[in-house]
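Scrolling down, you'll hit the structures one after another.
Two complexes follow with chain A in common, the first pairing it with chain B and the second with chain C.
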Partner chain A sequence: MLGSAELSFNVDHGYLEGLVRGCKAGLLTQQDYLNLVQCETLEDLKVHLQTTDYGNFLADQTNPLTVSKIDMEMRKKLCGEFEYFRNHSLEPLSTFFTYMTCGYMIDNVVLLLSGALQKKSVRDLLGRCHPLGRFSEMEAVNIAETPSDLFHAVLVETPLAPFFQDCMSENTLDELNIEVLRNKLYKSYLEAFHNFCKDHGDVTAEVMCPILEFEADRRAFIITLNSFGTELSRDAREALYPTCGRLGPEGLRLLAQAEDFEQMKRVADHYEVYKPLLEAVGDGSAGKSLEDVFYEQEVKMNVLAFSRQFHCGVFYAYTKLREQEMRNVVWIAECISQRHRTKINSYIPIL
Partner chain B sequence: MKARLKGAQTGRNLLKKKSDALTLRFRQILKKIIETKMLMGEVMREAAFSLAEAKFTAGDFSTTVIQNVNKAQVKIRAKKDNVAGVTLPIFEHYHEGTDSYELTGLARGGEQLAKLKRNYAKAVELLVELASLQTSFVTLDEAIKITNRRVNAIEHVIIPRIERTLAYIIAELDEREREEFYRLKKIQEKKKILKEKTERELEKRKIAGEVTEPANLLAEEKDEDLLFE
Partner chain C sequence: MAAADLRAELDSLVLQLLWDLEELESKRAALNARVEEGWLSLSKARYAMGAKSVGPLQYASRMEPQVCVCTNEAQNGLQKFRVLRSGSQIPEEVGPCEAALRRRKGLTRIPEPEPFSASPNPLNWFGILVPHSLRQAQASFQEGLQLAVDMASLQIQINWGQSQLRGLQEKLKQLGLGAA
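Entry: the complex of A and B
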């Protein structure tokens, strides 16, 4: 019932929702992007960013200003906001936040695993982990000798345990290629997240489930596209597709059979949501790539999430939009610093 | 001695030819180095930009790449090339092993990563070529300097020395011959003077009657010793 959401949501989460909507209003607008694109040097970029919501976040950076410093500072800001939201959240919003961080945790765990396999020092790896994906057992990773040890000793405590259990049913962790492992984990994660949102019901389900379904289908398409010509077999490929998307078992089976882009397009033609997306893909470097098209669609869906009230999806949408903005700014900064301005306008506009 | 002069001249001509061949090769390599360096600038720029593109789509994959490094995929073999007696090293690259990063970016940015790999592979190939060109350049430079030094030494030191020796010898021989000739002449003159002097003396004493001619047996009519006529 819609009524229950309006009645009960604000009790626990009203403050945070208001806060996130305020932060969303501080995202860079089209006008800001136009100003940034016209900068000649990174110093100009910094000056322009000072007028936006970013303020003086680069103020205490010493010269010379590099793109990686900008990236680091923006990420710190995002992490600060995210942690603030998370620390002030109550159930079920905190579980929602935990689910959101699982994605980054998977990346960190894969990184630490491959480092442990190669007997590299864990100290440096910890510094390179994504800050949003921190979990308390990270430092204990170096005591494990093999990946199975790692799992039994360390990862059982983390929220990632059920995802690992899905992967471990057939092979042990040792034989698995690190990328295949990462994608398998992500698949279980997406499906679990989707179930959680569906069980939660109400507006959250109405907003988040389409977004997560789109994410699942997008992964299926991209994995297919990138596995043409590699050693990944069709069955292995099919095992990596998340099943919670709109493509369903039928579409996924067809995708697994596809051998080139044309066949993929024909599969997409059956679904009227994806048909225009795949047709918008241009050829070679002149047009948009499939990834760009998907990014635009994701941004559109995230912006639409803000048009409904009283649901947890706004936090997810805000984080994703912030990340996209970070990517855009870094892209523009790189184009400026490398003086390669031909493609400077191929960022994804948000608002 | 003359044989030595001839030998030195032949040597100098040969070395000059070697020096010319080396200089020719040197200029060719210089041109190629300039071309390759310009191309290198372009390729590196392209590669750095494709890195930015890949980072935009795929996120930060640098840590994954660094963690999974085990063996080199592109290796270099050194071959030798001979130019007018100078061995130059030439580097040739070859691929070994499969691409261990085939599945990186499977979920995001695979296309851009493939383009990135291609661009940087091109850059590495160019680098290898540039490396062999530059080592040849340096080696050739050394060799040319040495050869030119030798050519100059022969031309300005050895050959003049031999020629001077030769000229000296010839001059000495000529002089001795002249000395000999002069001495002979002088002796002849002295002998003539002596002979004239003794003849005049004899004349003088004959006129004074001190010296008679000894009896000429053949010219006498009467022989004193004959008893009976």
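Entry: the complex of A and C
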């Protein structure tokens, strides 16, 4: 029904939308980044961050301050906000939040499996898992030998269960198969999330579907680029591409045949959205990488999500923008701590 | 005259020493640059993959080294360092091994030569589809390793040159005193 979002959204979700817009106003501005870039040490960085919305979040950290401590504390802050939104949400927003956490759950499962391969202790691994992707059967992931063990013993109760349909054929969990498992799980998850948003309809579908289509296409391009020179075959590569993007079956087939970056660029030339992105990639280590270019486009799309009201996409956009901010601050902190300031301005400003 | 010969030798030794020092300095600058590049590429990889995807969780606490440093004595008694990849043979070792195999041929079943097992690429610890920055980091550190080994050999040569220099200067002083 046209206009139903304006009539009914605020009843259940108005408070949370107001809250998330307030949080979005607290993102670091260009001026904040200019201040951070001029810091000489991580202690200076901490002092500058105190003047922002982050406040005294590093007050409990003992000396010496390291980049990973800063990253951990920023993540804790984001998780606190996310959990607050989630705890106060009603349907269908709660299912939307559950879908958002599935991505982090997949990362955690893969971290636990590859840690088991390297014989790491469960406690170390659990400490490093992403808090937004926690689920109760996490400790038991390490004992699984094959994906079907994993599914039957562990994941049958979690939201990840439906995404395992295509992944049961792998026999043992070694490095190649874990990578294939990760990408297949993510593909199923992205397609399911896209269907959920499309079925929801309304402004949420108008905002979220393009964002998720971009995410699917981005994954296809990055998988292709990173698979050059590895043992992953073309067919195996094609099986990992999410199909809910704009590239469509024809584009994905062309991408699967690409053997180098130039061929990939020629596939992107058929799509007006992706042609300028691939052209902006610099040569070697001097210019921007493909990941940088895609991150910039993602930030643009997420900022635009806030120009519409009465939809669930603002929560997704806010979380992604916060994560980009974390990446920016960690990058600046790494450049400061390594005293390598030539690339310190490679962050992506948001506001 | 013995003194003139000594002086000529001293001059050539000083020149050699200065060449070696210059080469050492340039290799040191290159090593610093490679190591810095390597660490920055690792940070870029963390930016692309996520901070916890490139860290101590990805590698085992005990690992087999891929590369060893071996020493051998050169003609002038100086030690030279060399980098050896695991699984590859030093050229000197190949000959005697084959002879041993030939000797055993008539007596027992010929032992099959060990198939060359490809040593696992440490890059695979971080996943199969790793970004370009991680590969660049690996390449930088590998170059740096070779540079470090060359620098160690050069350092030994320089130390030897310095002791030779001191010895020659002593001899020259004694000759000078003797003449006086």
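Here is the rule we go by: the second predicted complex is superposed on the first by the 324 of 351 C-alpha atoms of A that agree within 3 Å, B and C clash if a C-alpha of one lies under 4 Å from a C-alpha of the other, contacts with A are read in each partner's own complex, and residues count from 1 in each chain.
Rule of thumb we're sticking to: a residue touches a chain if its C-beta (ideal position, glycine included) is under 8 Å from a C-beta of that chain, and two chains touch if they have at least 3 such contacts.
Please read all numbers here as calculations on a predicted model, not as lab measurements.
Engineer: When the two structures are superposed on chain A, do chain B and chain C clash or fit side by side?
Structural biologist: The answer is clash.
Engineer: Report for A:Tyr186: first if it touches chain B alone, second if chain C alone, otherwise both or neither.
Structural biologist: After superposing on A, A:Tyr186 lies in contact with chain B but is clear of chain C.
Engineer: Once the structures are superposed on A, label A:Asn226 by its partner contacts, choosing first (chain B), second (chain C), both or neither.
Structural biologist: Both partners, chain B and chain C.
Engineer: Between chain B (first) and chain C (second), which, if any, makes contact with A:Val330: first, second, both or neither?
Structural biologist: After superposition on chain A, A:Val330 lies in contact with both partners, chain B and chain C.
Engineer: Which one hits chain B, of these parts of chain C: 59-67, 95-103 or 167-175?
Structural biologist: Only one listed stretch clashes with chain B, namely 59-67.
Engineer: Would you mind listing the overlap between the chain B footprint and the chain C footprint on chain A?
Structural biologist: 111, 114-115, 118, 120, 125, 128, 178-180, 182-183, 222-223, 225-227, 230-232, 289, 291, 327, 330-331, 334-335, 338, 340, 343
Engineer: Could you please specify the touching residues of chain B with respect to chain A in the complex?
Structural biologist: 45, 48-49, 52-53, 55-57, 63-64, 67-68, 70, 98, 102-112
Engineer: Touching chain C in the complex: which residues of chain A?
Structural biologist: Residue list for chain A touching chain C: 68, 71, 107, 111, 114-115, 118-120, 124-125, 128, 130, 175-176, 178-180, 182-183, 222-223, 225-227, 230-232, 285, 289, 291, 327, 330-331, 334-335, 338, 340, 343.
Engineer: Using the touch rule from the top, collect the residues of chain A that touch chain B in their complex.
Structural biologist: Touching chain B from chain A are residues 110-111, 114-115, 118, 120, 125, 128, 177-180, 182-183, 186, 219, 222-223, 225-227, 230-232, 240, 289-292, 295, 327, 330-331, 334-335, 338, 340, 343.
Engineer: Could you please specify the touching residues of chain C with respect to chain A in the complex?
Structural biologist: So the residues of chain C touching chain A come out as 36, 39-41, 43-44, 46-48, 50-52, 55, 57-61, 124-125, 127-133, 136.
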